[in-house]
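Next come two complexes, and both contain subunit A; in the first it sits with subunit B, in the second with subunit C.
And now, the complex of A and B:
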């Protein structure tokens, strides 16, 4: 193992995080505009609202995945010799995909949401041409190909270095008599698991994307809507969850620097990651609980696995971090605070997610604002907080002081804004406000407007984090 | 029901947050935090047992059950960009009403909202399939049907009404 990340990989990741920071602010601004428009603060053409919504959804999922991948690459390159060119190919294909997606939305008028639910891309009711939907899907395919290259490189190097997928997942420790000292480090276990399940997820996603593409070009080519929906939600669920599971590697690697205590692969840790590998793929039917034509066993599985998925998160990741922190004398700065916040937010967000995974609750909460409520907790206070923490850590050497006033201000604003913003979604969901409506009834304006205020704080906090990162990068270049 | 879901969720969210807050406080003092009071294996088995009980209770009666019989009223609801077609203008209070949800084009989501603006139930309308959902209305009044699945630029305009009447 190298003590530090090779400079060429580190530079590529730093550039990625700068791009991601700018995109994050832009996507958050899109979200803020949508909430303000829903609250009647100004009028927005519904067609434009749905284009913004599509860009916001695709952009946030994309940038969450990008930051997660950057974290994974940065730390895995300490353990195995990764080919730098693969990362540039991944980033190039990602940016090509972004250009295609933005072009399809803001030039072609595509507004079919990030979920591209078949057959909506082909049946827009006159809102966009098939060519715009084709560009959107080609954008996704470009990003997917980039990720497959990325995982191929990460996967083959880990398998070669650690003697197979099972060994990289610490199965000899989980299921055999191996000792913790012989197990791979947590980063490798997490990277192997995400490589396996996200590769499968992306291949399934690519299949349904190509089917949708053929349907757009040859409308006589019919795709079964239920099969397509299963595949889309399998892909979508796995992909966004992989972003969080990749980002948590930053916690395993960085937090020990602040405590002096290593984060070790233990038997519960190894078992938890094997459970995660299975649960992330088996849970997706909880997105189809209102499709009563689905086999009953699949819906039951969706509910049960949805609950079980919380166990490795709460009993292993969250519990272990709390135990780890106790008496650790951790040095608090912006990076360590945001990384701990990321795990806390992710854990807190699991409660409304799991409850919505119950069929009887889902009947009342599905596709209300409850749903963006729980996944915005996962993102704003979870994955994105970890990404900002990673960014702060990347430039911490360039900072004069460890935890400055501006750091505390940014953190406070972001935490307050994120908490209030997501709480308004949950309250609106409990009040039966549907999600993804460009125009809201007047009786929903109050919580929309309060959410807009909190959303502005989130954007402000994010602006501070990204500005500090850019300043830190600039200072490092000068030194 | 929705209020209960909100309160229960907030309760669990606050408990989880308190664990982190106590751990953060104990990070500098070395004092005891909430995790020190709990054995991890007890937490694991406790969560499993709680999940088993909740699963059993919540699925004992299948949430998507459809009853059959002469007193069942059937309503065909068909979504199309961007309106709902309902083949009955009135349904009775106190009798099982089964909604067959169809679509003519893309996926829609049938959501039925009571006179107080509370969502009562929903089901998806998917091309090539008919999803069924059953409900027994308890009070008479004007009910709204809205779209719960994003279906294009007129998604929010898919609103129609029907009446629930006393027998």
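And now, the complex of A and C:
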């Protein structure tokens, strides 16, 4: 049985979601500008394009992680006593990091992409000074420290309350004879798994970030490019995946309110989350399939684990959601629709991801728009949809009607825009249109322009969701 | 208390007596001698000792002293100086026990669990950075040691990370102070 989220935690999370909503719209606007410029709708200085691309990438990864963390904190605080000050420290360090990153990009001119791959931050060809790259990396470190504090607090409280990492992951149920009734709730299992793999990712990330800093300040101190790339992609893959795995907690907690069926920790659920814990950390070599100097076993592992990674998601979360929804007489509203959309988008997005994780396909597709196609499905129709669903649910009681016309309009626009926008990425990728090019050939303009139209719909839908959320918050304050 | 001081003195004595052997190789110099000297300082502090001064509250001041000392002795330049200057060598034998070992033990006792966790995570990251730098440095970092020596030291840091991670993570699977659901909320009121 659950307790309500303490008011102080709830208020902190609501503020976070408002900030995140504004940043999401800004980042989407950056993306829209880039797609329009690629389509030749207006001229954009390529140097400025890469700055926008860097801000868009870092900003979207950051805000996805922020919304996921907010969801996790909101629901975990129902089960264990969390220290509110840690959340504020996390948010403060996150915002400090954002200031440093935006300063490095729009003041310092840094445009080396969110992946800060060696040696690009240091060798810019005069596009930016080393100091700009230093500010960018310090921004990441600030955000990383914030997340580290966040997970230390969540992790230590769960470990103390549930008797260790294994029990919190429901291992007695998964591998022993324990009964489902004795297992921790799904939120705790998901929070524990995310805490473990993202803490490891952050520690590895901190190592490569500090090493990159040394390289920037003492250029003679070269970093091994392949090792740095492995560490960066381990950190980056784990971090962005953690944002989705944290956000799905909203589905576990909120959907039962609509279906009337509590989401339970079952043996397949416990096994799935243990598999996720391992797969998230083992699958990252699928980002390095074109690095032919990588050991063959690592690349093969990347492909095989890519196949396996879809199983816990599709079989457990998506299938379980279908089971919970079936015959439940669910009362649809904006929150429930967006949360279900989030799981659907996440599941659909895994298909092009698994296809791209095949070595033979990746040889052709890796540097095409197929790749942004799959991760934009994950984000626009997956994690971000869940975040908007969570926001809608937070202000649900301040709304007059359950599923208003404006709700339906926003959802329809967002779904149409998101589907069209991501499909155009996939189609462009299948046509071998390269990714990360500021200037496109005229032959690619049609896809770019269609995508721009759909992208505008996504931004409009997001604007409606955030405006409804702000209005709901305002109505709650007045009442 | 007496036996603790005796063991601490024996460790320092052994480090001094075998200093030429230990310092001949950077792996034993940095990964054996320096930690032993820090351990000797920590042994001087009785278990569960918490300083009850306002300046020592939360362990911040003491931990800052210890971390500053660690940062100083992480610098290859400091290691080089210890080998080339008797004065710095003496400073090493004095500062590692007294300015790192003692304040680390005292500060740790009163530090908040989050601060302890943060320092552990940072320690693992910095060990990783040291491993990275020593295995990939394009130049000799210490004048006193060969490039091949510093590479071995880098791999030594990696081995240390592995065992320290095991040491710190293993108890989390069965914490001694765990009492199932004791701090979990239990009453019911959906939001």
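By definition in this document, the second predicted complex is superposed on the first by the 477 of 479 C-alpha atoms of A that agree within 3 Å, B and C clash if a C-alpha of one lies under 4 Å from a C-alpha of the other, contacts with A are read in each partner's own complex, and residues count from 1 in each chain.
Everything that follows uses one rule, which is that a residue touches a chain if its C-beta (ideal position, glycine included) is under 8 Å from a C-beta of that chain, and two chains touch if they have at least 3 such contacts.
Please read these numbers as outputs of a predicted model, since none were measured by experiment.
Aligning the two structures on subunit A places subunit B and subunit C next to each other without any clash.
Contact with neither subunit B nor subunit C is seen for A:29 once the two complexes are overlaid on the shared chain. Judged by the touch definition given at the top, the superposed model places A:416 against neither subunit B nor subunit C.
With subunit A as the corner point and C-alpha centres for all three chains, the angle toward subunit B and subunit C works out to 100 degrees, nearest 10. Touch criterion met: A:224 reaches subunit B and subunit C at once. With both structures placed on the common chain, the touch criterion links A:5 to subunit C but leaves subunit B unconnected. After overlaying the two complexes on the shared chain, residue contacts for A:47 are found with subunit B alone; subunit C is out of touch.
Touching more residues of subunit A than its counterpart among subunit B and subunit C is B. Looking at the shared chain after the overlay, A:268 reaches subunit B, while subunit C stays out of its contact range.
Taking every C-alpha of subunit B against every C-alpha of subunit C after the fit on chain A, the minimum distance is 12 Å. With the contact threshold set out at the top, residues 224 of subunit A are in contact with subunit B in one structure and with subunit C in the other. Interface of subunit A with subunit B (complex): residues 46-47, 50, 111-113, 115, 117-120, 123-125, 127, 224-226, 229, 268, 288, 290-293, 296, 299-300, 303-304, 307-308, 310-311, 314-315, 318-319, 321-323, 325-330, 340, 343-344, 347-348, 350-352, 355, 358-361, 363-368, 370, 426-427, 429-432, 434, 436-439, 443. Across the interface of their complex, subunit A is touched by residues 113-114, 117-118, 121-122, 124-126, 128-129, 132-133, 135-139, 172-175, 177-191 of subunit C.
Residues of subunit A touching subunit C in their complex: 1-5, 10, 78-81, 83, 86, 145, 148-149, 152-153, 155-157, 159-167, 199, 202-204, 206-208, 210-211, 214, 220-224, 227, 257. Residue ranges on subunit B touching subunit A, taken from their complex, read 1-3, 5-6, 8-10, 12-13, 16-17, 19-20, 22-24, 26-36, 40, 43-44, 47-48, 51, 54-55, 58-59, 62-64, 81-82, 105-107, 109, 111, 113, 117-124, 126-133, 146-156.
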